[in-house]
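Before anything else, here's the structure in question.
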Amino acid sequence: MPYVNIKVTRERSGPVTPEQKAELIKGVTDLLVKTLNKNPKTTIVVIDEVDMDNWGIGGLPCEDYRALAAAQQK
Amino acid sequence: MPYVNIKVTRERSGPVTPEQKAELIKGVTDLLVKTLNKNPKTTIVVIDEVDMDNWGIGGLPCEDYRALAAAQQK
Amino acid sequence: MPYVNIKVTRERSGPVTPEQKAELIKGVTDLLVKTLNKNPKTTIVVIDEVDMDNWGIGGLPCEDYRALAAAQQK
Amino acid sequence: MPYVNIKVTRERSGPVTPEQKAELIKGVTDLLVKTLNKNPKTTIVVIDEVDMDNWGIGGLPCEDYRALAAAQQK
Amino acid sequence: MPYVNIKVTRERSGPVTPEQKAELIKGVTDLLVKTLNKNPKTTIVVIDEVDMDNWGIGGLPCEDYRALAAAQQK
Amino acid sequence: MPYVNIKVTRERSGPVTPEQKAELIKGVTDLLVKTLNKNPKTTIVVIDEVDMDNWGIGGLPCEDYRALAAAQQK
């Protein structure tokens, strides 16, 4: 009966593909079966893709954060 | 002051209609008033509609899961 | 396959009783069956009880907010 | 390492602008640094904009609630 | 930068052990690295253990649901 | 009408104090008033304190992650 919510950014390079989503769903469900012997039939996985502007880290929208981190590495 | 979050799939047959959403909001709020005597004026209900690819059950994207279940019933 | 999360305060007058929780679970599930024809067997309801200090409204911890509102009504 | 989720309505008057989102991300992160001395580099902020139909208060979709409140004030 | 929330029941047979939690955290993080090439250093995993009374399925508190399912299988 | 959820670790050095929680609630509400002109009276803030074992980063429970990071800095 687990409920798993995965939140990731919707990257400009392209959204998460159906195949990748299926891989995430299978991987998380298998992990819960293996680790906690949970019933896959009542294991729900919900994937949320979040627009880049809506995701912040380091006090900045994530694209600004990445640009800053890249500049600092030069 | 309750906060209720309802997550449902965005079905191919059509999204949840405004009337259905209003019915869910009223039904949940009335339930909290009746059961816990909560104040409806500060009861917030948020409905999330999730794309089919983004919802997994039984280790599969839900449409694959439904197709498998239908095939097994034949 | 809906997932519903209900967050309520853990009141000083006493926590939510098992009977009230069962009533909330049944009420929300019945509502989703009636409104959206959802399958109750894969409808998950999770109730979170939140300590009073951890719940804010009107910019105040909820007990301070209630005390202020009560004083203003006198 | 905090995780902050901000849910707001997607107003008909216009969505939350990138500048406003950046201000929310910065403001919440600074608050957590000041109040709890948290590390901004591992502080994640996710902003969810919710369609008006999907947000309920007072047992009504929020636009109906606002219309009712406005009528009552006349 | 992913954020993953895993909600599971706090079973009467015993809570999730620290070793199992570590396995879940590692497994989910590795899955996101493999599937979406995410940076583990900014991947947050939060595990919520939910009391049995607070988890509903099939319109019932989960222990009642399990008892009913077991009785039906006899 | 915003809903804000703040998740932080319950540190061994001591839980978040009532004063700190009040500061977080006020700070977030003021930020939403200033940035988006939201009504504080219907702004809900919920703070979740998460046990250290239940919080993962870098593929590790956070205390292991911190120990590893500290060792690497020596």
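Odds and ends about this structure:
As written, the chain order gives the labels A, B, C, D, E and F, with residue 1 at the start of each chain.
The working rule: a residue touches a chain if its C-beta (ideal position, glycine included) is under 8 Å from a C-beta of that chain, and two chains touch if they have at least 3 such contacts.
The chain lineup, named per UniProt: A, B, C, D, E, F = Tautomerase.
Just so it is clear, the structure is predicted and the values come from calculations on it, not from any experiment.
Between the contact lists of chain B (Tautomerase) and chain E (Tautomerase), the overlap consists of A, C, D, F. Across the two candidate interfaces, B-F and B-D, the one carrying more C-beta contacts is B-D. Annotation: the chain B (Tautomerase):chain C (Tautomerase) pair of sequence copies touches via predominantly the same residues, more than half of the used numbers being shared. Chain centres here are Cα averages; for chain A (Tautomerase) and chain F (Tautomerase) they lie 20 Å apart. Under the contact definition stated at the top, the residues of chain B (Tautomerase) that touch 2 or more other chains are 1, 3, 7, 24, 28, 42, 44, 46, 55, 57. Arrangement of the chains shown, judged by which pairs touch: an irregular graph that fits none of the line, ring, star or complete shapes. Chain pairs that touch, as defined above: A-B, A-C, A-D, A-E, B-C, B-D, B-F, C-E, C-F, D-E, D-F, E-F. Listed in rising order, the residues of chain B (Tautomerase) touching chain F (Tautomerase) in the complex are 1, 3, 42, 44, 46. For chain E (Tautomerase) in complex with chain C (Tautomerase), the touching residues are 7, 50, 53-61, 64. Those residues of chain E (Tautomerase) that touch chain A (Tautomerase) in the complex are listed here as 1-9, 16, 20, 23-24, 27-28, 31-32, 34-36, 38, 42, 55, 57, 62.
Interface residues of chain D (Tautomerase), counted against chain A (Tautomerase) in their complex, comprise 18, 21-22, 24-26, 28-30, 40-49.
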